[in-house]
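Following this line, the structures themselves.
In the two complexes below, chain A is the common chain; its partner is chain B in one and chain C in the other.
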Partner chain A sequence: MSDLNTAMIEKYRSNFLKEVEANVEEGEWVKMCMQCGVCSGSCPLGKHWDHPPQEIFMMIRANKRDEVLGTDSMWMCTSCYNCIARCPRGLPITHIMHGLAVYSKRLGLTQKKQPTAEFSQIFWDNLMKKGRVNELKLGLSMYFKDGFGQGVKNAMANQKLGQNMMKAKRMNPMEFFGGHSVKDLSGFQSMVKKAQEIEEGNLKEAK
Partner chain B sequence: MADEKKFAGYVCTGCGLGERLDAGQLETTATRDGKMQSCKQHEMLCSAEGVQLIKDDIANESVTHVMIAACSKRAKVEAFNFPEVAMTRANLREGVIWVRPESDENQETTQEMADDYIRMACAELKSMSQPSASGEQTLNKNILVVGGGITGMTAAIEAAAAGYPVHLVEKSGKLGGALGSYYKVIPTRSPYDAPAENPVPGMIEAIEADDRITVHLNSTLAKTEGAPGRFNVEVATESGSSETLSIGAIVQASGWKPYDASQLPEFAHDKSADVVTNHELEALAVAANGGPIKRPSDGKEIKSVCFIQNAGQCSDKEGHLSYFSGVTDLVSIKQAMYFKELNGDCDTTILFDNLRTPGAGGEDFYRAGQQAMVTFSKGIASEVMPGDSLTVKFEDKILNEQTEMVCDLVVLATGMEPNSGPDPYAQLMVDEAEDEEEKAKAQAILENAPPSILNLQYRQGTDLPHLKNGFNDSHFICFPYETRRTGIYAAGPVRRPMDAQQARDDATGAALKAIQAAENAGLGRAAHPRSGDLSFPSFRKEGCTQCKRCTVECPFGAINEDEEGYPMYNESRCRRCGTCMGACPVRVISFENYSVETVNQQIKNVEIPEEWDEKPRILVLACENDAYPALDQAAQAGVEINPWARVIPVRCLGSVSLSWVTDALNNGYDGIVMMGCRRDDDYQCHFVRGSAMAAERMSKVGDTLDTLNLEPERVILHEVAITDVERAPQLINDMAETVEKIGLSPFKF
Partner chain C sequence: MAKIELSFYPGCSSQKGATSSNYLVSAQTMCEELDIQLNEIPDWNCCGASIGYGGGGELPRLALSARNIALSEEHNSGQEIVATCAACWLSTREAKERLHEDEQMFKDANAALSEAGLKYQGEANVRHMVEVLVEDIGFDGIKSKVKKPLEGLKIAGYVGCQTNRPFGIAGESFENPKYLDNIVEAVGADSIPTYEKKVQCCGGALAFSEPEKSQEMIKGIIEAAYDNGADMIVTPCPLCQANVEIYQDNINDTYGTKFNMPVVYYSTLMSVAFGRSAKDAALDGQVIPAKQLEEIASK
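Our next item is the complex of A and B:
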């Protein structure tokens, strides 16, 4: 468990709802849910999740901190916005789902090997290097994320697709060597760093 | 007057009547068969010119009886309004041309129908006279309000504001009732976001400053006798003194009682001082005096509280209230917000199954509660375990698990029970119970009857009748304030569970109804639903056998008995339904313009064709409140009715005399259809019990049919609602089919 997690537990003790309000994007909306279940009923995926949105909100109110931050349900949200369009109470459910995912990641509570989380990390690291996404490398990182052997298998399976993309000039094999970056790479990096600092600062303050 | 009677008929040829019918023949029918001394045609009788024609005849020709052959008696009532004469209407438009197809082969039967309706109207007119008020009472503007809670205070303030003197009688030593001792109330104005200030102290001040309102504290009604416009009410004080007030009309606002939570052992109300009802919590909030609410057991500031919704209500368990009190979810939100206001960071949970927040601001107030961080958990509490802290066991209905929470205080959202007097029909219910279980139930009600509130000196009991669960009866669909005791209006939670704002609205309505009743009584006019009717029933003493049927069956307790046992009518209590008239076995009860004779004459004056003509006749007795309007609407919509039907509107099915049925059968009618309102617990009868009484009486019709050796299918009774636009005509057409199947009546002469 991260220090931040320990600190948050200490700070909010038995009031997970307040913790969510303070630290999760749009978290102050959770209390307004009236448990009608329309979101869960509207979510094309919710029924395959451990906890569909309505249930997550109820769990937050019932102080089920570990279960909520440890579930991968909110990582499964595809941002289809069905729930937001239908919630009679106007909760920004999609955003809360993402907010919860981000928060659990921050606290180091996200399930290992959660595919959405893994992809997001790879995407982020890739982006940070050159200030733009290197699709070739992004693809390769995904293929090889579970080791070399699996990576070769994945690459072979998608060989045809890769060749076609290159033929159609959708992917440049030369990008493998370095790849090009945004014009002002160091400017980009310091901008992101600043933004990160601000966010961390917010959490520290909360701590 | 008798020798001065002058009968005049008027036939309208407008609205297509002139094209569809032979007006000349109608005129002949009116004068030759109907014995009208004159009969005139007009191309649009309801026009100013047509109406003037009639008015001139009344003024210049001394016409005293008017027969109008035009549209339904429910149409053009403003135009055809001649209060100085007796009047009948032959319904040729809705009753004939609109329900019959226009074609040559139908012409004969259509004309026959029209001629019959004219004969019927003329015959009715012959046995009618113009009603006039009895002058039994004069205008008495005093309004009596029983109960000094928020409902009674509102009724008093409103009646006084309308200029009527009010006597406000309160049993306890101060005004305000239950609500008077509450901390705050459910908000009644936008933005509905916080509990509102209690209005009671301001109202008490207003009442004390109003010299039209006389307050009688520590007082009860020892005796109420008389009728609207002339009630004599003996008000007794606790100290033993009493005074008699002369009253025009009464509002009963006797309020409610909190449910007894000791019937909920699972929630430990009697075991722990820290388990309180919603009603008891108010006292804790007031005692906090603006500071944090403290625990009753040890005075400790409350840090966590759990509200259990629907405690002992909305459930069919023994000892629970079977109904939902409507307001208790809003009350819990209000009280949860007390804790947010007074107890700082207090964990406040409302355990609900169905959260219901009725009213304009209900949903906003719910949101405000959520906004204030009240936790709403969908869960059903099963047990409260007492201890230093309380443990509430509940089933979380979203997460589907048995779980529990610990808190300092538990609030039980219990329901409201009416503070009614004893049900005057409790004994009757025991007598008429259909099985043992029902009898036992009725017996329990009778034995646990509460003390009387009104002490009415009526033949039919001391208080207002009940409907369900002890709440006072009112005509809940159409006339929410009207009770079965004319001029006495129930308002507030004695009528149904409600919150303060609803009670205030209710009281305002009841106050206005009371004023209307007093004014009507002063003019000798009926209250709803025959508002303004001047006719009233009287009986021929020489014929009366003192059988008491009328005094028992009157749904409104209008008839007392004198020392000799004869009925004693109280005209202003009477609603003019005619149930007594239908009940009287010797047919001695009548109204000036409605009697056994007026209908009998109509029945007899329909021409019954010979058997070989193969033209059956079907008598339809239709309640004028629902069935008749339904038929009118059907006519408007062009729904067909068979040409054999002859429809007679009746005031209430309760007024139907068995003799009409017998006479009709003897006269050769082939079928009889009676249409009245729904009569069970969820009755729609405008006279509450009229339709039920009729059904009971008509159950004996089988004997008549037996004696005459006629098939039982020939007489049928239906419950018809005003919305049965398709069904009502269908029922008549069904009878035509039945007659076709079983054949014509052998009684044609």
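Our next item is the complex of A and C:
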């Protein structure tokens, strides 16, 4: 268990709602949920969530900390915004789900090998390198995330797709050797570093 | 029509050799015909898309969009920002709203931006290209530019998620937006108002991390187009386009279907209808060729 997680348990003891309000993006909205269930019924991947959003909101209020932060339900969010568009109380549900997913990850509680959690980090690391996404490397990192053997298998299985994309000039093997980039890369990276420091500082303060 | 000048945010996937490079080519062609001048935001960066949140958290993610807006305000002063990509538009507009509502976040974002010598004010309007078409050009304006009506073509308007929610196009409903059908009609083709999957999610970025779950949804999107007698699908979103077009082989393997449904952009349709060549319409960028459009373009 991470130090940050231990510290947060100590600090908020039996008040998980308060912990969420203080540390999760848009978490202050959770208490506004009236349990109508429209979000759960509107979610395109709803059947794959162990706990759909409506349930998660009630579980937060019922102090089910381990269950909420340990579930991979939030990672099923496709960012379709159906729940936001339909919520009668106007809760920014998509963002709360993203916020809970990130919080669980920062505390070291996200399930290992959760594919969307892994992809999300791979995507971020990819765009951080050059300020713009390198799609070729993004695809390769995803194929090879579980080792070389599996990577070759994945690449072979998707060989035709890759060939189709190259034929249409919508994939470029040369991207492997550099690729698109922002010009002011050092400014870009310092900006993000500073933003990360501020955000981590806020979390430590809360601790 | 007076010339429209916009500060353009093309986004990563539109770059040369990337998944929606064909979108950029056709959008540029379309804009030439509509007398819209696109001034690219110098040195723009990735917006984080809809999946970067898990690595970036809140402030670093918002800073990405703040940088783009700040660059636009500095170099394309007074111009509205326009994006062709749904996720680019959404992230940028969302960041602008969040920084407007949250004073601390505004200060923090500016503290981060100062590291890159930039200042964020957040005054520029952030729009999607479709808004420019619907609100500034209008359906009649589009119609007046048509040289080769796409007669006899039946096209399913697949709006998808992020061009539609949470912001959407003013005056349109989230459940049944009609602007894409209106564009289809304006270029002389037949729209399919009964296309029931027009706002169904394609899986977005999860097409990569949860391929089986996403492809099940994509299957429904294509199947409904066939059921409604569509010749092709049109969409305003680069990820929708890619997801619905490029996995059809995989879906056929899994489900025993025989899908071969072209998926194009509104800008592809307009470029062809405006009389431009197959190349200008980026029809060579189709993985599943849109043969009927190729024929019209070669006439």
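FYI, the second predicted complex is superposed on the first by the 204 of 207 C-alpha atoms of A that agree within 3 Å, B and C clash if a C-alpha of one lies under 4 Å from a C-alpha of the other, contacts with A are read in each partner's own complex, and residues count from 1 in each chain.
Simple rule for what comes next: contacts are C-beta pairs under 8 Å (C-beta built on N, C-alpha and C of every residue); 3 or more make two chains touch, one makes a residue touch a chain.
Here the structure is a predicted model, which means the values were calculated and not measured.
Set against each other, chain B and chain C touch different numbers of residues in chain A, with C touching more.
Contacts of A:78 after superposition on the shared chain: chain C is touched, whereas chain B is not.
When both complexes are overlaid on chain A, the residue A:54 reaches chain B alone and has no touch with chain C.
Shared-chain residue A:191: touches chain C; no touch with chain B. Look at A:22: by the touch rule set out above, it reaches neither chain B nor chain C. Of the two partner chains, neither chain B nor chain C is touched by A:155. In the superposed pair of complexes, A:32 makes contact with chain B only, with no contact to chain C. The contact surfaces that chain B and chain C form on chain A in the two complexes do not overlap at any residue.
Listed in rising order, the residues of chain A touching chain C in the complex are 25, 44-45, 48, 75-76, 78-82, 84-86, 94, 98-99, 101-102, 105-106, 115-125, 127, 131-133, 135, 142, 160-161, 164-165, 167-172, 174-175, 180, 182-184, 187-188, 190-196, 198-199. Residues of chain C that touch chain A in their complex: 12-13, 15-22, 43-46, 48-60, 62-64, 67, 108-109, 111-113, 115-118, 161-162, 165-166, 168, 174, 200-201, 203-206, 208-210, 213-214, 217, 242, 246-247, 249-250, 284-287. Contacts from chain A toward chain B in the complex involve residues 15, 17, 31-32, 34-35, 54-55, 58-59, 61-62, 64, 89. The part of chain B that touches chain A in the complex is made up of residues 347, 355, 366-367, 370-371, 373, 375-378, 396, 398-399, 403.
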